[in-house]
Structure formats: C-alpha cells, structure tokens
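Okay, so chain A shows up in both of these, paired with chain B first and chain C after.
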Partner chain A sequence: VTDLTAVDRALIQHRCVHSRGLGASPGNPGAAPPRLPFSRVTQEDLAFFRTLLPGRTITDPDLLKSSNVDWLKTVEGNSEVLLRPKTTEEVSQILRYCNERNLAVCPQGGNTGLVGGSVPVFDEIILSTSLMKQVITFDNISGILTCQAGCVLENLSNYLEERDFIMPLDLGAKGSCHIGGNVSTNAGGLRLLRYGSLRGTVLGLEVVLADGRILNCLATLRKDNTGYDLKQLFIGSEGTLGVITAVSILCPRKPKAVNVAFLGCSSFQQLLETFQCCRGMLGEILSAFEFLDASCMSLLEKHLKLTNPITESPFYIVIETAGSNATHDEEKLHKFLEEVMTSSLVTDGTVATEATKIKALWSLRERVTEALTHEGYTYKYDISLPVEKIYDLVQDMRGHLGDMAKNVVGYGHVGDGNLHLNITSPSKDPALLAAIEPYVYEWTSKWKGSISAEHGLGLKKRNYIYYSKPSEAVALMGSIKAMLDPKGILNPYKTLPDNIH
Partner chain B sequence: MSARVLVGVKRVIDYAVKIRVKPDRTGVVTDGVKHSMNPFCEIAVEEAVKLKEKKLVKEVVAVSCGPQQVQETIRTALAMGADRGIHVEVSGKDYETLGPLQVSKIFAALAKKEQADLIILGKQAIDDDCNQTGQMTAALLDWPQGTFASEVTLEADKLKVVREIDGGLETIKINLPAVVTADLRLNTPRYATLPNIMKAKKKKITNVKPADLGVDVSSRLEVLKVEKLKEAGRI
Partner chain C sequence: VTDLTAVDRALIQHRCVHSRGLGASPGNPGAAPPRLPFSRVTQEDLAFFRTLLPGRTITDPDLLKSSNVDWLKTVEGNSEVLLRPKTTEEVSQILRYCNERNLAVCPQGGNTGLVGGSVPVFDEIILSTSLMKQVITFDNISGILTCQAGCVLENLSNYLEERDFIMPLDLGAKGSCHIGGNVSTNAGGLRLLRYGSLRGTVLGLEVVLADGRILNCLATLRKDNTGYDLKQLFIGSEGTLGVITAVSILCPRKPKAVNVAFLGCSSFQQLLETFQCCRGMLGEILSAFEFLDASCMSLLEKHLKLTNPITESPFYIVIETAGSNATHDEEKLHKFLEEVMTSSLVTDGTVATEATKIKALWSLRERVTEALTHEGYTYKYDISLPVEKIYDLVQDMRGHLGDMAKNVVGYGHVGDGNLHLNITSPSKDPALLAAIEPYVYEWTSKWKGSISAEHGLGLKKRNYIYYSKPSEAVALMGSIKAMLDPKGILNPYKTLPDNIH
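Then we have the complex of A and B:
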C-alpha cells in the first residue's frame, strides 16, 4: 500500500495549474481546456464534404443537437458538421482532407460513452459510423466475424444467435453502441469474466490514420506472431490514434443452457465468500458474477417500477452460468445453491432458466444506470480495486460526503474487481464535486487501483491519468500520439492529459 | 375452508424461443428446444397459492399431462407453493395428438377422484391457442365456469369472478364447485425462491395413467400440415 508521495501530488497540481489556459483548473481538471488553434469549417470545406458525401453531410442544427450531447447529458459541444461515410475509402478521404486543412475530428459511434469522449468539445467535425453497418463475412467453423465499425452490438448479437454463436461481449448499451466504439474504448461489460477482454477476442482491425492512410490489419487468424501487434495500440485508444473502420472478432458458440440466479447476501464479506464458493463449484460454466446494493434496488423499484424477486437484502448478486448441457449445468447450479443456502452465505434467492425470466432478472442489474438518471445529476466513477476493498470505497464515500449527496450507490462487475460507484444530487453541485474529487482518486491510487476500469478517460478523466499510470508511461503515450497524429486532429482534448506536450 | 384446488400446468415451448417448422411439415421442432410452464398456467398457480395463503383453500394440487419432462413443470408449480403434484403419463404419438378434449376428460375424472372443489386453468396455451380446456372441463362436470378471469373472490360457497370480455369487464357470481380460467391481468406470478425450490424437492408427485382414469386419449383430429406464415418483410 503506497500513499501518493508529496512529489506525485505536486506533479499533478503543477500539471493542472500550468495546463494551457483557463479551462481545466486544479478545482476542475475534468472541464474543457481552451480551444486549440485548429481551422474552422468554411463554405469550401462544406462543398468538399457535400461532393464526397452527398446527402450525408449534416449541417442542420436540430439534427446535430443529439450528436453534440453525450448520453448522460453532461457535456455538450458546438459542432456544425456531422459526416456519415459508408466506406473506409470515404473515411480515408475525409481524414486526408481534414489533416491537410488542420480541421479537428471527433469520431462517433453510438454515443453511449460515459466520460464525454464521444462528443465534440468545441466545433470538431463529427465523423459518425452510423452508416457503416455491414457484416462483411462470418465463418461458422472458426466463429470469426468481420464487420464494419458501425454495426450495433445488439444487431450483431442477433445475427450471430441465428447462426448459433454469440458476441464475446455484452453491455447495457447494446441497443445503441457500435462495435467500432466498443473496440476504441476496449469495452468490458457483463461477459468479460467468461470470455475475456476485446484485447484477446479482436483478431484484426482496419484503421484509417490521421493523414488518411488506410491500415489494413484485418487478419482473421487466431495466431499470428509476425511483428509488432499494432491493433493493440488502437484498441482502447478512444479514437485518438486512428479511426477504426472494420473489426474482425472471434465469437464463442451460443451456449445451449443459460441459467441465472439472483441471490441476496447480508454482508459484503459473505458476498465475497459466495464468489469463492461459486468459482469452486461452478467453475467453467460461470459466465457472469455481478452485484448491486440495496440502494440500487430501491432506485429500480422507485423509478422503473421493477419488482425485487426476493426478500430485501443489503446486497444482491446476479450469477449467470452458460454451458453446453442443461442437465449438467442445472445439477452443478443446484448443488451450489444448496451449499450457499445451508451455510447461510446467502439469505434468499431465485433461479431462472426461461428466456423471459432471465431477461427480467438481468434487467435488475442492467437498468441501474437508467434508474440513476431519474435522480438528478449523477457523478459516475468506474474503479478497479482489489476485490476485498470494493465496498469499502462506497462506505468511506458515504461517511465522507454525509448529507451533501442524495445517493451513494455501488454496483458492478465484482467478479472482475470493478466497482461502479455512483453519487447523485438533485442538480450539478460544484461543492459536492470538490468533496468527491480528488478524494475518490486518491483513495483508489492508495490501493493501486485504476481510476477508470472500463469507461476510459475521454474528456472528464484525462487529467487523472497520473493516479493510475507513472509519468514515464504517459510521456511515451504522448510520443506515440505525436507520431501517429502530428497535428493532433483526432479527438482532441481527450484521453491524454492537457499538459502532454 | 377444506377446499381442494386442482391447477393445470402445461409444458410448452418457451415464449421467447424462435419457432421452427419441421421440414416434413407435420409440426414444429421440439427436440432440444427450451420449454417452460405456459404463462397463463403460471398465473393459475399463483392464484391458487394466493387462495391458500389467505387460508381460503386447504390444498393446491398441480396436474400436468405428458411424458417424463412434464415433471419439471410440476416441480416449478410446487416451488411456487403447490402442495403436491399429479403426473398423468401420456407419451409418444398419444402426446403429439393430445388436445383439449382428452385433457378436459382427464381433469373431469381427476376432479371426481380427488374431490376437488375448484379447478383453475390458464385461459389458453401459447402453443395451440385453443382456449377450450377450461370450458370443456366445466361442461363435462356440469360445473359453472368463470373464464378470462381478471379477479377472483371467494364469498362463502360462491365465487365472484370479474371476466375480461370485448366490451369491458363482466362480473358474475357462480356456485362452487367451479372451473376458472386465468387471464393475463389476474395476478403477477411470484418468482420461486430458493428455500421454496429446496422444499419442493421433497413434495410428492404421484403418477397416473389415463386408462386408470377411464379416459381414452386417442384423437379424432388429424393434422394435415403445419406451415410457417409468409414473412411480411425483412428487417
């Protein structure tokens, strides 16, 4: 356990204070910095885009509005141009032109990101993948799917399920998010526990670089050790190193038997012991282990009128098993449930094997984010911690904030050591924000956690990177950015801290 | 109240499954396909269990007709609160051709044998959409029927039933013994909780054959063909 040293603290302060201009300040490192000297869009630029993308160059402010605001409605840009290319070639021509003209570009998929990374900060041109939604190939022996970056995750899931496969990732935003966006942010989600991260399941990428060069690394090979693995640079780079235009991804077979158990625990310690028992008794069939606390359940009941299927408990667990043999899985699951019930690790629970009931139980976990939006302004923190420490952060935060916050709730991928800490107040409250940050980041850093487990840094968290990465690492990231995007036109003001130059 | 309730629970292809017609067009594919309790039967079980919790009836007996697999469906009813189960064994060709007429004869025979005071069934099954078993059972027993029930109240030895009909809601009062069929808005079925799932394992399911009840399950209907509806359009 190491505290941030006085030197580290000074370094962070220095960088914040001396970052260019007035926007980001020690009190508010998440705010936008001043606009960098990119060119502004002219009539000639519009003429070029309109010729390249007839009918797909949007300048109507009403149509632009929803693309200028993030899903949480917490950040808003002023872009005047939204471009909708259909092909990689069009993306290449757009970027080549913008690079020459020094026009900033904000790549945008489903716009479901939670850190303000998917919308413009100022007048960046929005480059949308919404019309790049073709499946290119699918091989049902290897399970390798190749598709354009604008395919909606749920549509890909439906396509694959008809062919007896599934996507290796699943998240609450599946109805809107694009696979290109998922890859650019290295999205985690509910199935990571079982199928691993996109860094393992993505086999190849096609990326357009800042100067328009097309990098075709769309391999569909499970194993290929020839040279540096460039795709890993782009996965998780949040659109700052290149625009992903196509993805090839390894898909698992659709499980024949899926079961979901919804359990109640009276303490976090018992929840952790249930997890250990679960790992031991369910082993290879375990596909998800999620938790939510009692505060989350009250919000679901209050705002979304969902019913708690079991008796009220301080903690709730969602366990999913997925396997190829229903009888085998049910037997294992029932033995496990008997064990945790008789040993009182679990106080109540229910099980579902039918699709409609399974959806209903999952919605209790997947819709917490939605329920929170009805409480006013939400401060969202996506933290990775050693699994035993996860709920300590929620409790410490409650104590620390007292009456200043209306709700302090915890939920998330406890199986992956990932907490979603959410705090609400009726409206945006700078005093509350000052009490939360940097307390939450220092707490996380103290336990060597990550200040952004899966949501990424985007706009809101870019200046906090030093809490989880050493300065040498961040400096090297800056060099790579400078090499791939010397003019800095790709998604500026995001991901890397303001004073990277 | 010493009343005994019989509840029918049918095992059907799960509501969320995409149905595939067999290539020979004699029926739909059921092998390896997810099955579950007919949603209207769940509502029927819930209503019966609620009556028991209010101490208005003494015993809830869950009944299902079919092969070995229907025992799962009976177990689900037991986990929701039914006291015991009866598995009427019907398999093979007889099961494929089993329909409302034969099932209602079985229920009528069981009602007499078990001295039931009330039979609650789902209004229809989501696989055949027949909506006949409840009505036929009442006719065979010469009992009153309260069908499409969205509310059921026991008042001494009479049953007040609010029925969902085209024009609105119709309230009727019928004598016991009676047959009630459950409609969607009658109640919201409970989740079977783990303690009850454990208890259910110990509850009894008795096996009985249609012949023991004096029922002939042969069918007078012949299915000529089963076809998929023409697709209206592609997404």
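Then we have the complex of A and C:
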C-alpha cells in the first residue's frame, strides 16, 4: 500500500509515539497531553482583569460555553474566563500580567478553525479579538488596508467592495472568521490560485509577544528588505508565538467582470485534463478551480436541500474568472467551454455572470463542510499533494476502509493541489480512526505531500508533524518557541508536538 | 524639510550612532567596524579544504581578486581563500569545520549585490555557489522548479522558456546573479508587480546552518501549514542565518503574448495618472510599470550610446503586458494608449510586440545602473514610499544638494512604490555623503518608507536599519541570529547593526 521503507516508517512512528507524551491516549495522538503546570486563575487575577477590562471580563459559564468548544464540536475546553480587549495596549497588559503569573492564554478569533487550535484545552484564559474590529486606514491608490485583528473577513470584503477593491482571500467561514485568525492560520481559501498566499499579500503585522512587548511591524509597503521578515514568524503559527493585534494587507482591485462555470466530468482524469486546458485558455483571468465529488453533491442535496444545476456526474468543477474586460473574459470562457465540451472532457455545465446565480453556484462548493456536519462525526484531513495524485487518496481510502466508514468524500482546491478528504461515521469510532491513521499520513508522506495544507496543526494534528517535516526543522521550531515564549503560555498544546513542549 | 520631531530624530540618531561601534569611521556608518576576533586561516585549515575540495580550494590572489570586490567596486575585502563546493554535503562539511574553528565565512552567489553584502569585509572565507548549478527537478504540470543555489537566473529562464514557463522574477543582473543569491537578498526586480515577491513564489529551501546541520525544507507544494515557515527566515537574510543550497520555486506559464510600450510624460503627476489609468484598463495583463527620468536617459545616450526612441520628455515609462490571448491584449493596450494620448497624459510613445524590439526597449530601463557606473562614484539609494511620494524625494534632494552633486537621478518600479535614487560625483566625496545622509533616511522615515526596498542592508546600510524598524524588532533579529549562528561566523558585519553584533 505504501512505499515508505520499513526504516522510514519505524523512524516516523518512533518520533510520533515519543511525541505523544506519557499522558496522551496511546491510540489517539490527537488527544490532549496532561495539563502543564500553569497557575490557576485566582480571584485576585479576576480583580486585575476586571479593573483593566470593565464589563469585558466574562466569567458567566453560559456566555463562555460557545468559546470553549470548536465549531465542529469535537474539542472542548474548560476555561473560566474570557477577556475582550479593544486595544493593543490592553492585549499587552493582559499578556504581561499572564506571563508574570504563569497563566496560560488561548488567543481566539472567530473560532472557525478545524484542528482544535482556537479553543482552550484545559483552563487557559481565552483572549478574544472580537472587540478589535476597527479599520485603521485604507489607501485607495495602493489598495493597502490596515485594520485590527478582530475584523470579520466578510465585513472587510464589504468595506472594500464599496471602494472598488476586494480582499485577496475568501473562504466559506467568511461570515465569522477574523482576519487575525486567518493570518494566524495562514488560511488559504478560494482565491489563493489567483492572488497567492498570505505570506505575499500580508505586508505588515502588529503583534504582542508573550511578555507583553508590542512588536510593531505594521508596514504598509509592497517592498521592505530591512532585516529579517519577522512578521512571517507569526503567519501560520496559530497564536503560539504572539497575538496578532493588527494586519496590513495588499488588496486587489475589484474585477470588472466575474463569471462562474459549474461543470461535470465523468472521471478525475478528465477533470485534470480540463484543468490543464483551462490554465492555458483562461490564463490570467482564472481565479479559482475547485472540485467536489458526487458524494459531496449527495450530502448537499440530502442535508441542505440544495439543487444540482446540471446532470449527475462523478465529479463537479467550479471555475471562476475575474478580469477587467467583460467581453474579452466571456470570449475566453466561451472558447474554453466549446473546447472542453466538443472534446467530451466535460459532460454538462452551466455558467453564471449575475451575482445571485454566482453565489448559488459557489454555495455548492462552499457549503460542503456544513453539509458534512449533519452526517454525525467527521474525520477531516486537509492534504497537499501533486495535483495528479489528489483523488487517488480518496479512492485508496475507500478501498482501505470498506464498510467501516459511512462516507468517504473528496473536495477542494485543484489549482493548489489541495484535497479535503472527509470520512464520516454516525459517531466517534476509535476502530475507524485506527484504520484511517496513520494510513492517511503514510500515504501522504510517501508522495511528499503535506498533512496540513491550509488548516494548520492545532491540537489535533500536532503530533503528526513528522510526516511532513524533518526532525531538524521541528527542533528549530521548538527553539523559536522557547525564544519568544519561554514559559510556553501562548496557546499551549498546539502546533508543536508533545515531545517539543 | 522633515517632520520628524526633534525627539524622534534624537532617538534614531542615538541608536544609529551607538550602533556604529567604537571603531567605525564616525562620519560613515556604512564603513566596516573593527575585525571581530575570528580565527585566521592556517595551513592546516587549507590542507583540510584541499582534501575536501580538491582543485576547488582557490588561494591564487589573482583568481581571488574579482570575488573580493563588489560589482560596483565600492567595497573590497582581503579573503585569501575561495571554496567552490558542488554539493550540499560539502557545504555542510565546510561550515561544520569553520564553526568549530571559529572561521568567518562570506557566502557568495553571482556577486551582483549593491550593498556590499556579497564580498568579504576582512579575511572571511568566500564560500561560492558557482559550481552548484544543477537543475534538480522540473514538474511541467505544476510549474515547480527545484534547483541548486548556484544556477544563474538567465540560465533558469532559458531552461524554462524551452518548456513553456518563465521564472517569476527578472532583473538586470540576470546574466550573472544566482538564484540562491536572489533568494538570500529577497530580490524584487521587474516582474514583482505581476507575480509577487519571492516570499510567495519560493515554495521550499534547503539550507545549511552555521554548525553544518542541513535543514531540508525543500517542499514542492503550493500549500503547507505544518508548523512555522522556517524557510522565510532565510529569504532576505543575506546569508547571515544559513547558506541556501537549493531552492524550489513556483514558475508561471510563459505568456502567449507580450507587448512593451515606451511612453513619455511631461510631469510626474501625469505619470501617476497614467499608472492609475493603466491599472484599470490593463488590469490582469499588466506585468510591469517602470520609469526613468530625463537625466537617466541622458546617461544612457552619453555612456552607452543608446537611442531614445521617442520625443525627449521629462519622464519615461516602460509598460509590459503579458497575457494568454494576443488579440485581447492588443485591444486592451490600444484602448489604453488611445485614452492616455487623447487625454494628453502621455506626450509620445512606441510599442513593441517583437522580441528584439522588446529587448531594446527594456534595455533603456535595465541598463540605467550600468550607465551610472560610468559617471564616477555613485551613491545609491533604494527606497520604498507611497507611490505618490517617490519623485518628491528626487526633487527635494536636487534642491538640497544644489551644485554639490554631478547628477541626481531617479528611476525604478512605480508599480511597487520603489524608487532608485542615485547621486553621482566624479569620485568619493565625504562632504557630499554628509549632505545626503542622514537627510535621505530622515525623509524616508518621515513618510514611513523603507530605506531598503529590495537591495537589502548588507554592509553599507546595516546601521540605518532603525530608520525603518523599531528597536524591539531589531533586538529580536539579534536573538534569531544568536540562536542560529551563536559564534556569528556567517557573513559577519552584514544586515544587523553594529550594536547587535
């Protein structure tokens, strides 16, 4: 099944087993390790917070409930206090205090993460960015937006659209997720193919370090080569190295024309050929190339009552074009569609140019995650692979699991070589999990893929890091963590494997 | 002249003066600090290197000469040994040995840097990547190229063009510069406007750390969120944190159609309006928007005998389009030109679609640097600013310097807000330098610009870092340096200011 040599496998498993720590459930390296010896929150601490944040220090268990559990309801913590600062200075004072008192802190944005990275594991103090929602500046010549970390992505999108710009990222959770959380996760999403990753579009960050120091790297320049690019440390580090309090980001002009095509293919090979043809013929106007399989479509129909707008097919593609000339774009799209229909790469399709219909077609892709939540329990995997390999994993997994799984579905970002593999079960099932893991990670490692393309490692995936990164790299990550957060108070139990903490 | 408050100025100058160290020439913080107490190369060391690298351990002073001096001939070192490894393993053995022996090392690529970052300051061992020139893999589906660090940029471009792809970066020095050096510098160049910075396009790096450890982060995936993105530490850190030995990079498809327009404008304001109009009308096919002023044109005519293809103008623009449909692109370009000519934003212009003529038009922009070298001594500044401010600096500098300078010229990347300000003099002139600096840095700091947009800090600019970065950020850079290279053997005297070493 896999070409990992016996030695490779033994080495990786040794590191993974070792990294589980003594207390983790031996069958489930995604479970929490034992609580680390942080201080407990005292009445004196609460008094300090209440003075600093009057009316914004939440201790009511009912109000805390939704912040203690992740969106998927798979991970739940027991935090007894939620802090809602409005300013960077307040975040700085909170962290300085917590660091001195050895109190652990879980930074939280919109809490839409999928790997248990944004909720406390034990009684960590929740530091929420929900009241940090001010746009600071927007320059409509350069397209550079600077805002506080708690701005909701969709609100920023609306703000920009009124000014003829768009955000360089878009994702299904846009109605809830915060830009600070997006950056902490290094979220990918639906526009990465066109506008690139946040590592290129984020121009500056303001970050509060574990000891309360404010690091102002909030540049608003496209180019700046004065020393090491410190902001990159905080992009994608899931709040373990600092709390992002403000972001500056380069926003593209709003395209004058947008078209969306929803197409059906009878095999994944044909889908890949359609992708190659599409890149050649749509070129610079291609802004997304996404897919879902027939199992996803069934779940959309069953649980969300969405309607499949085309003939039933094994695979569906969502293609978006965005450009500056509607006539040219339509001509390119038309020629492309003619080519793929006459060559029978595509069996059926529909095109939308009008906003409501565009939104309806996009929802077939964006709402797959939501449809899956109605299935019971979902084991979620977010895998990068060479694009020609991505669906082989779904098929091999189906064969491997047989009747054990209720559903094995695949969807994701073809243009980025990013598969979302989801396996559902009526409820949590340790035997199923044991059949999936480490199989899925070994499979990915064999093809030099990444075991987390865009979701991050959080709590759930932290101990699998060795499948994608060599020990030297993980050890260096540990040194960086120790340098920036020597007491380990920032988002403990996340990102780094247990043998590094 | 500047709005820096007296307190700001005093603070920055205090840090800059402090950072010069005791031995630096007090009037010239770009000069070298005293030699640090590294070991001297002994006969025993040479014997070790000759065994490791037979025939590739160069000690002949004549052969060493060109590696001891920078391209601009402004900085010269006294290294007595140049090592030419072919493999990562050899680089690892060299560094492990040097680290144990406390020997300083200057990593060198094509030696085309403009800030004295790629030549030794004293007797550092030169570690050249010139024999590490193998392409490792190229995937013509994903466009991901993996190669050794010493590949010359132009060779990679030619390799890719045969396969219908292009490199995501292009710069004047392409015939000599190495991709490893480009990445170490975080080079910007002529295509950044379209394809973004190396922070987005570089997907993986292999790096040898100061103690010889090999860090393999040579991923070939568009997305990978498994832990901290370590490779970012080495992009733009000028060889001070590790030696890059291999690079994987995402390459765009070769555009089917390329057009270049060379236009004249009678004021910088009109040039800016042309830029705004261009972004709207050329949109996704715009791949470069560059400018030079009339003084640059005079130098091209005088020193390189190039011919101005259009009517004399105060400002010249080079616009490049790159797209997938020649007819559409020409139509967009034609409409744009019609608009800017009829509205008199542009006074004259010429367009090229044929390769030789495109090359000729581009050389008017690319060869400005070369033309300047014929003027005597050139003081070079590479400044990021809000785009509407970039030429004000040239004009203010002209007023400020009066007759002291032979020429004050401006050119650069309008699309990136990046000005190359160059001030020439028949020979080195300390009085002129004292009039330029810190004036130019204060001016830049006042507008929240960067004192190095794309050239890096190297030796020459290291002590000016505080004009663009707060002390907390510089201190953190120092901690990272200390963590990765505790003995400071890698490219000493570069990037970090003297008070951090």
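In the analysis below, the second predicted complex is superposed on the first by the 475 of 501 C-alpha atoms of A that agree within 3 Å, B and C clash if a C-alpha of one lies under 4 Å from a C-alpha of the other, contacts with A are read in each partner's own complex, and residues count from 1 in each chain.
We take it that contacts are C-beta pairs under 8 Å (C-beta built on N, C-alpha and C of every residue); 3 or more make two chains touch, one makes a residue touch a chain.
Note that this is a predicted model, so its numbers are computed, not measured.
Engineer: Counting only touches as set out at the top, which of chain B and chain C does A:Met341 meet: first, second, both, neither?
Structural biologist: First partner only, chain B.
Engineer: Examine A:Leu63 and indicate which partner it touches, taking first as chain B and second as chain C; both and neither are also allowed.
Structural biologist: In the superposition, A:Leu63 touches no partner, neither chain B nor chain C.
Engineer: Examine A:Ala47 and indicate which partner it touches, taking first as chain B and second as chain C; both and neither are also allowed.
Structural biologist: Touch status of A:Ala47: no partner.
Engineer: Figure out whether A:Ala434 sits in contact with chain B (first) or chain C (second), or with both, or with neither.
Structural biologist: After superposition on chain A, A:Ala434 lies in contact with neither partner.
Engineer: If we overlay the two complexes on their shared chain A, which of chain B and chain C does A:Pro309 touch? Say first, second, both or neither.
Structural biologist: first
Engineer: Once the structures are superposed on A, label A:Thr353 by its partner contacts, choosing first (chain B), second (chain C), both or neither.
Structural biologist: The first partner, chain B, only.
Engineer: If you tally the residues of chain A touched by each partner, is the higher count for chain B or for chain C?
Structural biologist: The partner with more contacted residues on chain A is C.
Engineer: Applying the document's definition of touch, where does A:Lys256 land relative to chain B and chain C: first, second, both, or neither?
Structural biologist: both
Engineer: Is there a shared patch on chain A that both chain B and chain C touch, and which residues make it up?
Structural biologist: 256
Engineer: Help me check something: in the complex, which residues belonging to chain C touch chain A?
Structural biologist: Per the touch definition, chain C meets chain A at residues 139, 141-142, 185-186, 188, 192, 196-197, 199-201, 213-217, 219-230, 232-233, 235-237, 241, 253, 255-256, 276, 279-285, 322-325, 328, 331-332, 384-388, 413, 416-418, 448-457, 461, 465, 468-470, 472-474, 476-477, 479-480, 483, 495-496.
Engineer: Can you name the residues of chain B that touch chain A in the complex?
Structural biologist: 14-17, 32, 34, 36, 188, 190-195, 197-198
Engineer: If you look only at chain A, which of its residues touch chain B in the complex?
Structural biologist: These residues of chain A touch chain B: 256, 262-263, 307, 309-311, 337-338, 341, 346, 348-357, 359.
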